[in-house]
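Presented sequentially are two complexes of subunit A, the first with subunit B as partner and the second with subunit C.
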Partner chain A sequence: MTQWPLVLPVFIPLLTATACAFSFRSHKLSSVISWAGALANLCVALLLIQRVISQGLLVTAFGDWQAPFGIVFVADLLSASMVLITAIIGVAIVLYSTTDLRSKPFYAIYHSFIHVLLAGVMGSFLTGDIFNLYVFFEVMLITSFGLMVINANRQQVDGAVKYVVLNLISTMVFLLAIGLLYGATGTLNMADLNAKVALLPETTMMLIAGLFLFGFAIKASAFPVFSWLPASYHHLPSAIVALYAALLTKVGVYALIRVFTVVFDLVDSGYQPLLIIIAGLTMLTGVLGAASQFNIKRILSFHIISQIGYMLMGLAIYTPLAITGAIFYIIHHIIVKANLFLIGGFLQRRQGSDNLRELGGAYQSMPWLALLFLIPAFSLAGFPPLSGFWGKFLVIKASLQTDAYLLAATALFVSLMTIYSMTKIWAEAFWKPLPDNAAAPIALTRLENCLYIVPIVALAVITILIGLLAEPVYQLAETSAINLLNPERYINAVLGNMPEPGQISVLAAGESQP
Partner chain B sequence: MEFLWCLVVGVMTTCGVFLMLERHIVRFLFGMILISSAINLAIFVAGRLTRGNPPLIASDALLPAAGYANPVPQALILTAIVIGFGLLLFTLLLAYRAIKELGTADMDKMHNTEAGQ
Partner chain C sequence: MSSIIFRTSAHIVTVLMLVFSVYLLLRGHNNPGGGFIGGLIVVIAFALLMLAESPDYVRERLVYSPLAFAGFGVVLALLAGVLPLFFGQPFLTGLWLGKIGSPLLFDVGVYFAVLGSVLTILLNVEEELS
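Right, the complex of A and B next:
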């Protein structure tokens, strides 16, 4: 039986993208279609998470080819909450870009791309088949390439070369890992892989797990393979960079969490010590990189890297509390990071620059925007009671519980440095008077201002809500984490209605013997 | 047969890595094409190399005859080739545009993204 809420989050964006592509002549029509698609997706995402909470895991096998042979979509709590957050970001970005990119000639095709990108992200969160994950990664990748060069000026093309090259390497390694995994186990279904990977010889398992780790680490922009991110993000239009910052790296982290809990066991795979080191260095390099920058988008880009470190730290410690923290952190980070980029984009639009030397006086002219900036900025740095505090609190508590004191100290130091970067933006862009040589701010119409501010306010409200009502989000993250570390429920839900288990194991065993 | 195949994959990967270490963007792309083909071949081996053993199940049997070649990796490769072709086309166009726009094919000289700091 097909569970519609499971399929629609991928289907609706693809349909919207097609409709947008055909309505390229009218900017108004394509905006309306894009809004409708994004809102419909949000409704479906809400329905999905409501179903998952009330009914437990949802599974759909396409064409009634049962797992492990067919491709399945699985929604557990983690997937469903990720889909919901993605849908929220989708609505915010579509609204924001209506005014930010309205005058650009690529406006209609932009809406088309952005929805295909959303479909790829949603599919990556929902699929239960590892090759299908690869396909959705590619959908996401090729549209992100397109969006990256949509303006096609010198800097963007230059940044895109670096982005494309490193991401293609990651893709190839990921594909190789899948091929070898299939050769060794004879299955591609993640639930089925759980039991079969445990039977592999240790060296084979380590080789394949290492390839997955490398491939996903590039996607997640972990140390030392993060260099594509600061090279390419800051020249993108604000709406696009906010979407990238919110979603692309987080899909990499999600894939790492999924693969290293359900498929491989991180501790058994032997990569736990390495991942702890990677997590610490990712945090540190990101925040130090940000400290040396003097441009809003560059500072924020480097902060993506340092925040990825916290999520990896949660996965690396590998206790239920730590993974709870990592999931909480992803949810919080997607909202907050998108919001910061949206605010930066608004400043850039008004002042014509995102260089801190040419900005200033924003507190005087727009005190409400200054307040709106403080909410995500403090949340990013981890001030209580905002959402970032809880995420940091959980991962640091987990690291202290497992005696990883150095890691905890690094995490605390990095949040201190985060405050430094945020104060820098505050002092330069908001507090100091507008420099004499700066251009006069561009006056925006009321409608334009509204379209800029509504998504920013909405995301700020969500940040405050996550912070004040941390308990339900914590419980959601905790249940997801426990289910990830004990994937029996996931496996039973996917493979529960297998026809004849004996017959399948005969087939699967036959695959690996030449 | 498998040994020979692995040797081919190994040689292709070696050449690919060598080319990818070059600074010239077109050589780099050639290296990447070689490696992605090598990966496709590697996946092909995962499905067993046999001759004249189609994976067909006789009408009175549950399983295909022993020693058949698993068709799934071949299907995976087909998907990967199609996706790879699209990505490659984009990358070639991007490289062309980059050379036109930046006036150099040397990756070490592409610093435009750092400009204005």
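Right, the complex of A and C next:
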């Protein structure tokens, strides 16, 4: 029965999506279906990570066609933890969008698309086949485009077109790279590719690796190719933008980490120096872009880019500690970023604007919301003991160990600038009195308030928990990183060379202290 | 499109194409064909009817909304995928009862998903334009 928890994370969202689409006549019914689907997915994700921790890697081959010929779903520790985080975000977003999108037409279709998007993200995390990864990228792209243009106004369509064109370039290049890779090696299974890529001539390997790097860099919104993100995100409804901010770019980073450890070796591929430069510039441009903005969603969008830089920095340094840091950072960032967007959305809903000039007085009217804002904001900036501190600490320590002092200095400077942006939101939206020309705050019903606040509180609690209980998360990230850099166990499990992957406690390898 | 020859023959051709699409769907098991092509043929048949009559006419004849067809198809295909799991086999493994098996169920699902989603787009575009 090992197949169930591997298949269900993709199956449940798809089923929920169809059920939501069928129940479009009743808001209540589609909300309930959507909640049930998201919660069921969370349970399955918990089951999956529990299984992976207790039994080691889980593998299932679709249609019983064994790897390397068939398509496999593989859950190692990294995939399982990503699936868990995605499921948590799924629950939070679905709850939040119940009230945030209530007034929109096509309410059920929104929920339907949200679930298909979650299925795409889960599939990308679980698949062990690089073409299948492309397919799930397309699923994400199509549904995210759909979410952007449902009931869209002119500006939204403008942003959506930029988004889809640049992302299509990314997937085209990705597809091109897959074609070349298949022509050169004759396989698309990631575990199988590991050995076969090493036999390729160096120029071929560099060309293919470069195309993958380019394609995934667009997805992850890395330095020169990030422009689709700030152009399209800030016009979206708050629930949708929080979902995108949490997941879409992180799938790109995940794909980079997976492909440049299991398939290509980053150091051998010769792109390490380039990736270090990209990481530094991504951090810097993101944070500088944010400093010049005066709109909550725009500030936060630019911050996504700068945070992506930290994750790329972890991958670029390519030591176990650095990749541990990158994985820790992804886990922390998904939760924190979604939460900031949710809070921004709540402010926007109450005040009817997300422009900082028209906001104010939130501290006076809602001191508890100010506290809830401080948790993810300080975590993003890296205050101890919140989750962001540990992520930054790990990548910066790794960069100092490898004598990349300039990179470490950039990372620290970017942290400082992050505080500046967060202070700006704090001072303008919370601290300063409500400007005279601003509209009076809209009174929300008790239920609406509840649905807005519950996800925000839940994500804040998770942020605090990751910060205070950093040890188990660190061990999880460290074990994932070690397994990524020594992929033998992954390869053996997928290709079935090992008698029985079970019985070995996965956490046994990660006993050492930070 | 008010030619009487076109309008009369469109109805006959539509029926023929619908039959042909089912033939292609079933033939796809061992030969070229299958759910995707079959679904597209259905769409072409209804497109013809749409040009001869009107989008509303087609919607009326379909009884259910095209999106419902698409959803039904997705559910069928998912069911075909999950069914083997109950017998302890991996996702999407073929289960056979003589010559008929779960791959046929999957193909029928694809058939409905394709015809539903493409018809949705087509009808919406036509209504938007006219």
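By definition in this document, the second predicted complex is superposed on the first by the 494 of 514 C-alpha atoms of A that agree within 3 Å, B and C clash if a C-alpha of one lies under 4 Å from a C-alpha of the other, contacts with A are read in each partner's own complex, and residues count from 1 in each chain.
The working rule: a residue touches a chain if its C-beta (ideal position, glycine included) is under 8 Å from a C-beta of that chain, and two chains touch if they have at least 3 such contacts.
Computed from a predicted model, the values in this text were never measured in an experiment.
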item: Partner chain(s) touched by A:D64 [first = subunit B, second = subunit C, both, neither]; value: second
item: Residues of subunit A touched, compared between subunit B and subunit C (which is higher); value: B
item: Which superposed partner A:L168 touches (first subunit B, second subunit C, both, neither); value: first
item: Partner chain in contact with A:Q3 - subunit B first, subunit C second, else both or neither; value: second
item: Subunit B versus subunit C as contact partner of A:V157, first or second or both or neither; value: first
item: First, second, both or neither for A:T18, with subunit B first and subunit C second; value: second
item: Touching partner for A:R446 - first (subunit B), second (subunit C), both, neither; value: neither
item: Touching both subunit C and subunit B, counted on subunit A across the two superposed complexes; value: none
item: Residues of subunit A that touch subunit C when the two form their complex; value: 1, 3-4, 6-7, 11, 14-15, 17-18, 21-22, 60-64, 73
item: In the complex, subunit A residues that touch subunit B; value: 131, 135, 138, 141-142, 145-146, 149, 152, 154-155, 157-162, 164-165, 168-169, 171-172, 175-176, 178-180, 182-184, 186, 188, 231-232, 234-235, 293-295, 298, 355, 503, 506-507, 510-511, 514
item: Subunit B - residues contacting subunit A, complex; value: 2, 25, 28, 32, 35-36, 39, 42-43, 45-48, 62-63, 66, 70, 72-73, 76, 79-80, 83, 86-87, 90-91, 94-95, 97-98, 101-102, 107, 110-117
item: Residues of subunit C touching subunit A in the complex; value: 67-68, 71, 74-75, 78, 81-82, 85, 88-94
